[in-house]
Amino acid sequence: MGNILNQIGIENYIFLCVVLFCIGIFGVLYRRNAIIVFMSIEIMLNAVNLLFVAFSTYHQDAQGQVFVFFSMAVAAAEVAVGLAILVSIFRNLGSISIDNLKNLKG
Amino acid sequence: MNTLIAITGLGIFCLLFEILNFRKGIIPFTILGLLGVLALNFCEFGSTESYYNNMIMVSRFSTTFSSLFIVLTIFLVALSHNFYENHPTKISDFVAIKIFLLAGGVAMVSFGNLAMFFLGIEILSIALYVLAASERLNLKSNEAGMKYFLMGSFASGIILFGICLIYGAMGSFDVVEISTYSLSAELPVWFPIGMVLVTIGMLFKIAAVPFHFWAPDVYEGSPALTTALMSTLAKVVAIATLFKLISSLNFIPSLENQDHLSTFENIIIFISIASMTVGNIMALRQANVKRMLAFSGISHAGFMLMTFLTVATSAGVLLYYTAAYALAGIAAFSVILYVCKNQHNEDITNFHGLGKTNPLLAAILTASLLSMAGIPIFSGFFAKLFLFNQTIQAGHIAVVIVAVINSIISVGYYFKLILAMYSKEPNQERTGKPFLIYAVAMISIALNIILGLFPSLVLDLLN
Amino acid sequence: MNVSTILIILLIGAFATYFSGDKLAPKVALLFSLAALGCSIVLLANYNAGENISVINAWITQPKISFALNGDGLGLAMVLLTAALNPVIIFSSFGNEYKNAKGFYALILFMAFAMTGTFLAADGLLYYIFWELALIPIYFIALIWGNGDLEERKKAVVKFFIYTLAGSLFMLVAFIYLSQKANGSFLIEDLYKVELSACEQLWIFLAFFLAYAIKIPIIPFHTWQANVYQKAPTVGTMLLSGIMLKMGLYSVIRWQLPIAPLAAKEYMNIFIALGISGVIYGSIVALRQKDVKKLLAYSSLAHVGLIAAASYTLTLDGLRGAVLQMIAHGFVVVGLFYAAEIIFRRYETRNISEMGGIRSQSPKFASMFLILVLASVALPGTFNFVGEFTVLYSLSQINIWFAVLGGSTIILGAYYMLKMFQNVMLGETNPKTFADVSVNEGISLVVIIGVLLFFGFYPKPITDLITPSLETILNVINKN
Amino acid sequence: MIHIPDFAHATTVQVLFCFLAFITVITAFLTIFSRNPIHSAIYLVICFFSIAGHYLLLNAQFLAIVHIIVYSGAIMILFLFTIMLMNLNERHQVHRPRITRLGAIVSFCLIVIVLITIFINSKPIVGDYDSTGEDFQSIKVLGKILLNEYMVPFEFASILLLVAMIGTVLLSKKEKLNK
Amino acid sequence: MEMDTNLALVLVLTPFLGFLINVFLGKSLGKTVSGIIGTVAVAISFIVTLVLFNQISSTGKAIQVTLFEWIQISNLKIDLGFLLDQLSVLWLLFVTGIGSLIHLYSISYMHDDENMHKFFSYLNLFVFFMITLVIGSNLLVLFIGWEGVGLCSYLLIGFWHKNQDYNDAAKKAFIMNRIGDLGLLIGMFILGYTFKTLDYSELKQTILTIHYEPQIVWNISIAALCLFIGACGKSAQIPLYTWLPDAMAGPTPVSALIHAATMVTAGIFMVTRLNFVFDLATDVQTVIAIIGAITSLVAATIGLVQTDIKKVLAYSTVSQLGLMFLALGFGAYEVAVFHVITHAFFKACLFLGSGSVIHGLHGEQDMRKMGGLRKAMPITFWTMMISSLAISGVPFFSGFFSKDEILMTAFHHSIPLYVIGSIASIMTAFYMFRLMFLTFFKEFRGTEEQKHHLHESGSLITIPLIILAILAAFGGLISLPGHSWLNEYLAPLFTKVAGEEHHLGATEYSLMGVAVLGGLLGILIAYIKYFKQDNVPESDENITGLSKVLYNKYYVDEAYDALFVAPVNFLSKFFRDYIETGLSALVFGFGKVANEIAIQGKRLQSGSIGLYLFVFVLGMCAIISYIFLAQ
């Protein structure tokens, strides 16, 4: 079986991932709801994961996919910690808008 | 490698101690353990080996920096005793997190594979998020944690993207392989882009302009000990790692091959100058000491970035600078911890009259601030000297002049604090002389001065 | 025995003073300062006997920085100035009660240590370190034990610190640059040997100039001076004006001129003119000062302007006159500030308009004060005359107009000093009682006056001491 | 150069890729734009599924499964759980100042343009992609690599998770104050 | 040689010893003892001088004493040394001689002052410095004395230091002297630069042997001019003369010693000493002559209307000094020296006499409140009368010979200057006799109280007066026209053939006659105005017209104030208030700017995560596009 990239082209994957990554960035900047911001970050990470896999195929090398596992672990850990922080903020503040987090400034 | 294993083991022991209900022993044990690790680390000094399929590469660079991290961690753990007095149930967690953080740091300077680098930086970051937010009932701490977390994971995403592009270009995560490939003429553009993205992510971690905005807010909001950790250990780890990343991946030569070197240097110069200037100028008007030190840290990041102009030769200078900066920072923060123990904030007003109530601590804080300002005999001066020396040697005299101007500005705010200590009347009683705080403060400032008197001790390690 | 002994004595003295407690501190400090004086005299004897009293030890290998102290005549003369003034200054403070005296006296000794080091250092970096170190004690002395409104004082002192530091940091850059050219060495001999292009020399020269112009100070870099002199405790003012200013002038001769001789020659006239305009400006501003210490500050500005101008003539006479005048001015200015302090102890004011009519109450003090005033206006027979004459003579050799303009200090100096003397000491008997000088006060003043008069008639020992080293420096300057 | 897919002669794989890419991007956008967090979460799940589709397309079956389990299964549940726990709904929707939105859009456009331009400008990959034909991404191979070559990172990841665990516990553990 | 050194040291150091004793022990020794010590100290110097005079006039060789090297300058060596030759010993004779008399006088005069020991110590110090000035072997030693006497003058003018006006006068004297001193210094610099020496004998050698290039001649001229400025300061010539009248604030013996007999002649001494320099600068000599003439005229005119007895004498001094400079300007050094000596006699006598009057009137100095003292103070009157006759040029008194020689010299060189000098002489006669008539004739115009206490002064006062009056009467004998002992004595000093003896021809005799007539005319006018018509000068506010201008000294003081003092003070204020503040603000400005930026920057650091990330992304875009797109 031939390389699937012969039919799609690695560039297309790169473009897709870049767009997806940028959508993640956009989401982080666009939304004020902390949960959605988290989700946007997840989108960014997933974009990278996808690119890893694409490159893995490109190089016919499994390391890229192995790396995705680590990246998933990291994402999971981050989400867990992030949500924990979020929950304690919600308890103290009653809101999860990051716009309300402006006490520290200047 | 052994160091890393030992540190991890030590962290797990800390957790076990809690289970075994042996809280009181945690800190002494950890300190002893860390001293042991330090000794172990010294044993590895001088060898250049790689372990486990080149996942970990032990070199002089990694061992010296690891030793610095370990020393800093010892101080930070020692300070924990007093700081977490009121949280006895959590102390093992706090200490364990710090130990794991150290493990992350050690992994970062001794990585042989980008996977280790990435995991190391994530361990470090996540530990820091947790520590920043660790005062769960304090809104400021929450806010600091949240800010740091959001921006940190954003930066992590960028680093990951960069790693991905590097992988795409090289087909490998192995440092040795990448550094070999990077010298070849035909390189996909992905590699430099990936490197730049990773660099940007790391610049965020060391709080360089324009990626510095988080630092003052997070430093201010976090519990003071965490701030101490961030401004010393975390910053040093990040800058060392970035240095290692750029030097060991042969990034500079590869840029040279593609005629990107001058632009990259311009970027470094720009960021370095901007960091110094923004950090110093912003620090001028700060009332909160931690916030002020955050800006000071930003400016120091700018100074440290100057070493990147002479990557091939400046490892020793970077080590010296980071050591000088971190030791002064530890000394300063131990005094801050003492002074602001029961205060709601860390405003300069809290330091009024410290020269009269606690002359020793005031002297130590003064010394550490003078060191950061670069006044001779303290190692901060020699750090700057060597840095300027390197940079002038590389022909970047303009940067040095800007740096000098910034040193002058920095005196303005460092002396604000000194003035407050000596020229104002004390506005509060300060009782108690916690042994560990005094010990840490004195030892760290003594080390700082010894480094100043005998700079060759450290400088020659990496030259 | 070599020159490092003095440094060790002073450093140990500083610590010993700190740990001896508030009561004993003044005496311990005096003891150690006298020991340092004794030591420096012994060293002088050894030096005159032809013994080598220099030290050189490797310190940092990369870049090459050495712990090198050079005991030549010039350095020794300045060390003697420091060592001689230091006990006088410490002794002069005995009439005052200081809070936390141990810190105060320890800082004085530490400052003496740093200043002595500056005068002795033969390695660019070591020199720089001592140079900066001297700044810290005076900062604290002025800040903590100073007088006047705290906020004002803070402002003045911080300005002083930052300003002087700003200047010296550029000097550091210059040193680093030089050491690159000298293959990484900071040793003075190596720096002397460095071959620089004219453009490089100019920049190096300017970098040094900034540091020294602020320290000395040369107009327009003098704005820190008057305020700091006014706010600092008198001991601090004495240290500043008596010794620390001389650091800048000494450095011009020792470092700036030999390292960048081409630039010095090329732009000689500009710098001489700057120095001389300082003379005129300082004198004129001094005329209308209301505060004694400020007036003396501006008079200092005028005098050091002249000394600086003489140094930039690059002639043996100029350098010699500059050094002589430095020493003379060091003594006289310390004496004058001490006199101001004696008045302050009795009247609690430094405002000239609140004084007057002291002479009829305390003739001894009035006489001593007058002698100091006259020495300061360089009456022949005082040491200052020897210095000022040589200085003006050297200026006249460059351009007679320099001597004429610089010589205006003779007129203007007499004008403001006598005006001050008249307003402070003469006139109707003051209703406030003024006790004549005490024994302690008298000793300090008499020592100073004795020195001024003795060397006024017999300056040969000092001239002989400094001339060989100045000739060496001139050889370096004129090597190409 | 962007290969404009020739729809007339598109292969199945190409059509599939386009379809999945479309879904991914659209749902990603919808995640961000929908006002209700729960909707966002659901869009995100769809997005993750489409990414899993990509994985499958790239013949990384194991990864696809793990992806679905971890993201759609664990992480998204965590999100949803938190959303429910906080009882968030549109009422909590905060006002977004226009300047923020403008800034977000500007920076989005900027970064997309910059990155895409760079990649377009770069040398195109010419020629066929290698296909050694070797098995490089089966579970077996992955397992071998993960547990041999990448043993240390694997173990190290556990520390990461441990830290995260301790951290979350630390953040949520109540303590008796001032005993 | 050893002997000479010792003698010279005794000469110099005895007054200094007297000074030290009076300073440290004076108060405990008591007034009379301290006065005696002071007097004896100077008297010893006088005796030593006599010994030296004897030695020198017999051998005719100068004595050179070098003590030790003083100041090292690369191309010139300056020793602390003494030169005792004809000129210096001559000068010493009247310095120490008149000095001793005045010391003696002061014992009585100052007896009521509580600080008498101080007075004597200052006087001794003055004598010490004056001797140093005179016997220095080089210009720099002269300069020690030069400034030293200035200092003593300062101290003594301001002796009554509780009065700020006196202090002002003292300060003024010192500062004006210093202006001259700067000139002297500059002159020295130029000489040192040109000839590599400041030693008189070496200088003379060099100048006489050097090859005259235009540059060197030019240098000499400039140097001479500068030195003359120095002399102007010390000897109260235009434009630096205004301090001398004010200096009358000091006690009268001081005026007699310092401001009439000795110190003010230092300028003439210096010019005479350096005659070989001035001889080469003919232009400068012309300047000297002109300035001397103008000074003598201006001072004489002012003297016409003064009412303060000492002020009259002060202006007279200035005027006489002007005449001396007139002579110097014509290279007639020996003539000038002659007049210095006669002037020292009669002017010291006049001052001491006026002191006696003031003493008798308990401090009254205004002539309008005197009169008729002839009977009460006969000795004072007669001694002063003799001196007045001498100064007016009445034949066969000393002043007649010296003044006549000056005028004659002037006549030979420049008629206009001769005319000016003659007019000044006539005025001198007038105001001197105005003084005499107002003071000693007619009725007493003071208070009853004063009248009651009128008495002749004690013998300590009158003896010096008598001695000086005798000298004033017969001092002219040392240089009679045609047969001048003085000229012979001084001849070795001068390079030119000393004073080509004026042949006493018809011209000379007629000139003499003119001078005598002029003097008598002045006396006559004074007689008519103040004796016959019984005029008394009006009180201050009624003075009008030209006499007001004269009375106010041509407003020179005011002009100097407006021209120099006020601008300097204004400048000082301007510098202090604007430049200093401005510079200070400039330095602080850097801090202010940084602070302002910081304040603005704090607003950027708004706490909003969105903003932070926005900047992050922008920064990232910028970096990436700079590296990869901006090629």
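Residue numbering begins at 1 within each chain, and the chains themselves are lettered A, B, C, D and E in the order written.
Here is the rule we go by: contacts are C-beta pairs under 8 Å (C-beta built on N, C-alpha and C of every residue); 3 or more make two chains touch, one makes a residue touch a chain.
Chain-to-protein mapping (UniProt): A = NADH-quinone oxidoreductase subunit K; B = NADH-quinone oxidoreductase subunit N; C = NADH-quinone oxidoreductase subunit M; D = NADH-quinone oxidoreductase subunit J.
The model shown is predicted, which means the values in this text are computed figures rather than measured ones.
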Chains in simultaneous contact with chain A and chain D: B, E
Assembly fragments, chain D aside and the remaining chains unmoved: one piece
Closest chain to the centre of mass proxy, which here is the mean CA position: C
Computed distance of Cα centres, chain E from chain A, in Å: 98
Inter-chain centre distance, chain B versus chain C - centres from mean C-alpha coordinates, in Å: 43
Whole-Å gap between the CA centroids of chain D and chain E: 103
Euclidean distance of C-alpha centroids - chain B vs chain D, Å: 31
Touching two or more other chains - residue numbers and ranges from chain C: 162
Two or more partner chains touched - positions in chain A: 10, 14, 24-25, 28-29, 32, 54, 58-59, 61, 63, 66, 70, 74, 77-78, 81, 84-86, 88, 98-99, 101, 103-106
Per-residue overlap in chain E, given as positions that touch at least 2 other chains: 591, 602, 605, 607, 609-611, 613-614, 617-618, 620, 624, 628
Inter-chain touch pairs (all): A-B, A-D, A-E, B-C, B-D, B-E, C-E, D-E
Touching residues on chain A, where the partner in the complex is chain B: 10, 14, 21, 24-25, 28, 34, 37, 41, 44-45, 47-48, 51-52, 54-55, 58-59, 61, 63-64, 66-67, 70-71, 74, 77-78, 81-82, 84-86, 88-89, 92-93, 98, 101, 103-106
Touching residues on chain C, where the partner in the complex is chain E: 159, 162-163, 220, 222-224, 226-227, 281, 284-289, 315-317, 320, 357, 359-360, 363, 367, 374, 379-381, 386, 389-390, 392-393, 396-397, 400, 403-404, 407-408, 410-412, 414-415, 418-419, 422, 425-429, 457-460, 463, 467
Chain A-facing residues of chain B, complex: 114-115, 118-119, 122, 126, 129-130, 133, 136-137, 139-140, 142-147, 149-150, 153-154, 156-157, 160-161, 163-165, 167-168, 171-173, 216-218, 220-221, 286, 291
Contact set on chain A toward chain D in their complex: 1-12, 14-16, 18-20, 22-27, 29-33, 35-36, 38-40, 42-43, 46, 49-50, 53-54, 56-63, 65-66, 68-70, 72-81, 83-88, 90, 95-97, 99
Interface residues, chain E side, partner chain B - complex: 591, 594-595, 597-599, 601-602, 605, 607, 609, 611-613, 615-616, 618-620, 623-624, 626-628, 630
